[in-house]
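Structures are listed in the sections that come next.
After this come two complexes, each holding subunit A, first together with subunit B and then together with subunit C.
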Partner chain A sequence: MNEKLPPIYNFPPLYTCQPNVLIREQQLSTWCDLILDFAKTNSVWCMSQEGTVVKDSESSGQSIFRNESIQRSVTAPFRDQIWNKMVQSEKAIKSNNGVYFILWRSVDYWSSQILQWFETTGKLNQVMTVYELLEGDETLGWEFHGMHPSLCEESLQRLRDRGRATLLKEQNKIMGVKVV
Partner chain B sequence: MGQKGSKIEVTKTDKAILQIKLSKDELHRYTRRTEILIRRERESLKALLREDPKNGKKNPRARVLLKKIHYQNHLLEQAADQLINLENLVSTVEFKLVEQQFMMGLKQGNEVLTKLNKEFTGAEDLMDSVADQIAYQDEVDQILSSSVVGGFEEELDRELQQLDQEVNGPVHAPANAEPKLPSTEGLPTLPGPEPEPEEPQKETQGSERQREAVLT
Partner chain C sequence: MHLQQWHYVETTASGQPILRENEKDVYVEYPAGCYQGKAKIIGKQKGRIYLTSQRLIYIDDEMPMTNSVSLEIDDIAKVEYSSKFLRKSARLIIYLKDTADDSETGTDNFAAKQSKAQKWTCPICSALNKTTEEISENNMHDFPCENCGVVPDYDMIKDSITLDQVEAVDETSGNSSKNACTVCTYLNYPLLSNCEMCGTRLPENERKLSVRAPQDKRVQIELEAKDGLVPGGPAFVQISFRMSDGVLLFQTVSNLLESQERTKTQNVFNKGVASVNGTDLQLKSLQILDTDSALSKVGITSLEKSQETKLINNDIILNKALSDLSSLMALASDIEKLYNTMGRKTDHNSHPLLTVDREKFLTKDLFIDEISRELYGFIMSEFQEQKEKEGVILITLVDIYALYNKAMRIGSGLVSPQELRVACERFEKLGLNDLHLTRINGRVLCVSSGDSFGFIKQKILDVATTTPGTDLLQLSQQLNDKNGNSWTMGIIMEALNNCVNEGKLLVDEQITGIHYYVNFDWII
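Our next item is the complex of A and B:
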């Protein structure tokens, strides 16, 4: 995975927690940028604490925190620090089951994208299921296609708070949405 | 914010559509799963043939795999058909909703129209009455105008003639009424103006008259 990442990814000191506070801040923000960059280029929505990509509640692939080519990896405590930084700077959301949603775009951005889709395709005032919105053929080519349902729910909640959407629940799970 | 109070209504049809769409999603998911399954089975079949090129064709496992693939393909087709059916159903329901709106609009329009038309129920009587009034008006006009023509007009004429006589004297006056012009007798004859070329006839007539005048 390192060929898609900037050269700093192969810089060995990046993998060791730096004692100097200022340098560590810089190091943490570099890690945040790396994760965001990685998520954006690979359309990754969800990552585990270990740094692997989570898809369909199965983590797969290699951890971003492990770089085989220079034989380095980030220790668990330092990973926590990185994730904390991510959450603090609103670049990630920690979900209930311990995975992180990577916000390479803000939730507001997603909600407005979804709203825009509803408006441009004339789907206003019609019921759409979340699955349809994320996996259906009609959203192919939109950035939010393939988004993690929980993240989508988060975005839809924003739309609801703005009075533009109603969420339809089925067995206590948000299944559908109606946008006006 | 103020918008929070106005909750978007979720009707029964919305819920029904949601149900249809959920089953549609389920079919969609199934289609994807089956596609992946078929791809995997095909790959394993290929691998089987590659491993054992001589006896691969006779291998019962290969036959079973191929059968399986065919069966899955069959199911996939069925699923696609059902998917289309469900999509059509959703479209139909959505179109019906539009039609419902259309009917509502029609109904309301009709109501307004009947209400307005009700206000016109007295129209015939009104028009009759108006016609009566117009006829009466005509009658009155006629009476009034005829009364003027009958007595008054003649009297007016007479009075006018009387005034005329008073001012202009008796009727036989007209002979003397011509204004007296100073006589041309005794005046020296003017040298006749040269006849102008533009109106020669008129001029000659004029000079003849002059000559006559001179002769008398």
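Our next item is the complex of A and C:
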């Protein structure tokens, strides 16, 4: 995992909470950049508190907070600080079940992307299911393909707020969308 | 054929007699030879005489295993001393106790047992002389008159020579009753002379009745000539002293015999006690001799002899004293040499130090001032090397407290931490400008010169740049590489903390310790 990350990932002091406050702020932003970079290159939408990638509500793989090559790992209190910083700087959203959605693009960016897709493919005024939108063949090659459904709901709600979309709900869950 | 009184001696491989139980070593004489009667015993002419509390042992020099013999002290009736005269060496004549039932047994050659001893009358002083050997015209000069010391013409004494025949003795076989030990009451085999259990000498009368031991084959007595002992007459052996005069041995044996008589009459049940009613029971084995009384002869020769012995004794004592003294002197010079080589090199800049004694000062203020000056001098000399090399000094007050009190204040009263601090604060007031008291990290008091803290910080940063991930130990080793231990752990630790707080260093905390990295990435 670390060959795709910048060299600072192998810098041992990164894993220790620095006592100097100003230094620590920079250290935390370094961590935020690292996580976003990692999520973007690996198309990771969702990560657990421990730093592992979550896919289909199952965490798998190695934690980003553990670097085997230099035998270092981030302690739990410092991990919480990093996540707090992520949420504060709106780089991540904490979901109800304790996982974090990584926003390597902002929610607004995603909503405009979806709108752009509807416009370019001529799907306006048609009802599309969320599944079709995220997993269907027609969205292949678009950045939001494979996006986590919860994050997609968030983006669609932005569209609805702008008055461009109508959401079809079933059992309190968004199942389909019609963009006008 | 030899006298029954000769006994075999067990010796160690190194040629020392193996003593019996309760037997004590009393005296050793060297070198000496043995005579039976008047004849030399072949192969027993050069050896040591050990006098023990029970025996008189001869250990041969050349063949200690085979040629060594002993005499029981119990068997000795009396001893006489014959002083050295011309070529005749000093002798101890030991008269053995008459064995009442001496008689010939066996088919031994009678002639071998007798030897000729002769008597002659001195034509000058009319003293009756005895010789150990047959006297003739040729060996006449070996036998001067024992009284006046003159060797007479053989012709003049020819008529007076008479032959003395002494016979070796032997005992008949007695009954085989057991011999009870007087101390432990163990019934010993009748042939034994000492108790098998406790080693005590068995009673004489009992042993006399018992069976006489057959000739001990291990005792080898070969005579050079006839021993001149007559059966029924006095049996005697002689010990001839080759170098010494043997007076000491004679004295000791006499004393031993005397005390043995005494101990025999004492109650055996008190054996082993140190004293009875306050009187000492121990043998007085060695006494300072009085040579005059020891001599058996009178006349000019004896006077001369005694004078000679006195002189020799004095000589020996003086020589001993001198050799002791010289060996003592040699030891002393050795020790001096050792001291000089091991001793610490004297400090080239050592000078008498002023002792700052509390009692000498009227007020505490003056005392503190003096302490302050002394402290300044002490730090400057103690850390001179560091000052010269790096230009700065930085020591924590705690270290100074320990160093100063240990080095300067022992014997003149230690200073308290408060006094030390006040003294350090006074440096500037007293015009001692090189050092001042500083507080680093807002808590640790240090004595420093110039911007020493900035200096050490820069040094630490340099080390961390060249070796990223360095720890305290490594830092301290690198900083003190050239000059001893001038940068203490405490100082380095404080400087590190300061650097970390300022953001110049980054920490990497591990179980193994804290590693330090220079901060290149996160610039404030």
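Here is the rule we use: the second predicted complex is superposed on the first by the 180 of 180 C-alpha atoms of A that agree within 3 Å, B and C clash if a C-alpha of one lies under 4 Å from a C-alpha of the other, contacts with A are read in each partner's own complex, and residues count from 1 in each chain.
Here, a contact is a pair of C-beta atoms (placed from the backbone, for glycine too) under 8 Å apart; a residue touches a chain by one contact, two chains touch by 3 or more.
Since we're looking at a predicted model, the values are computed, not measured.
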* Touching A:N20 in the superposition: subunit B (first), subunit C (second), both, neither? -> second
* Structure fact -> Between subunit B and subunit C, more residues of subunit A are touched by B
* Looking at the overlay, what does A:T30 touch: subunit B (first), subunit C (second), both, or neither? -> second
* Now for A:P12: first (subunit B), second (subunit C), both, or neither, which partner does it touch? -> second
* Indicate the residue numbers of subunit A shared between its subunit B interface and its subunit C interface, in ascending order. => none
* **subunit A residues within the subunit B interface of the complex** => 126-129, 131-132, 135-136, 161-163, 165-166, 168, 170, 175-176, 178, 180
* How about subunit C: which of its residues touch subunit A in the complex? -> 469, 500-503, 506-509, 515, 517, 519, 521-524
* In their shared complex, at which residues does subunit A touch subunit C? -> 8, 11-13, 15-16, 18-20, 22-23, 26-27, 30, 72
* Which residues of subunit B touch subunit A in the complex? -> 1, 3-4, 6-10, 14-15, 17-18, 21-22, 24-25, 28-29, 94
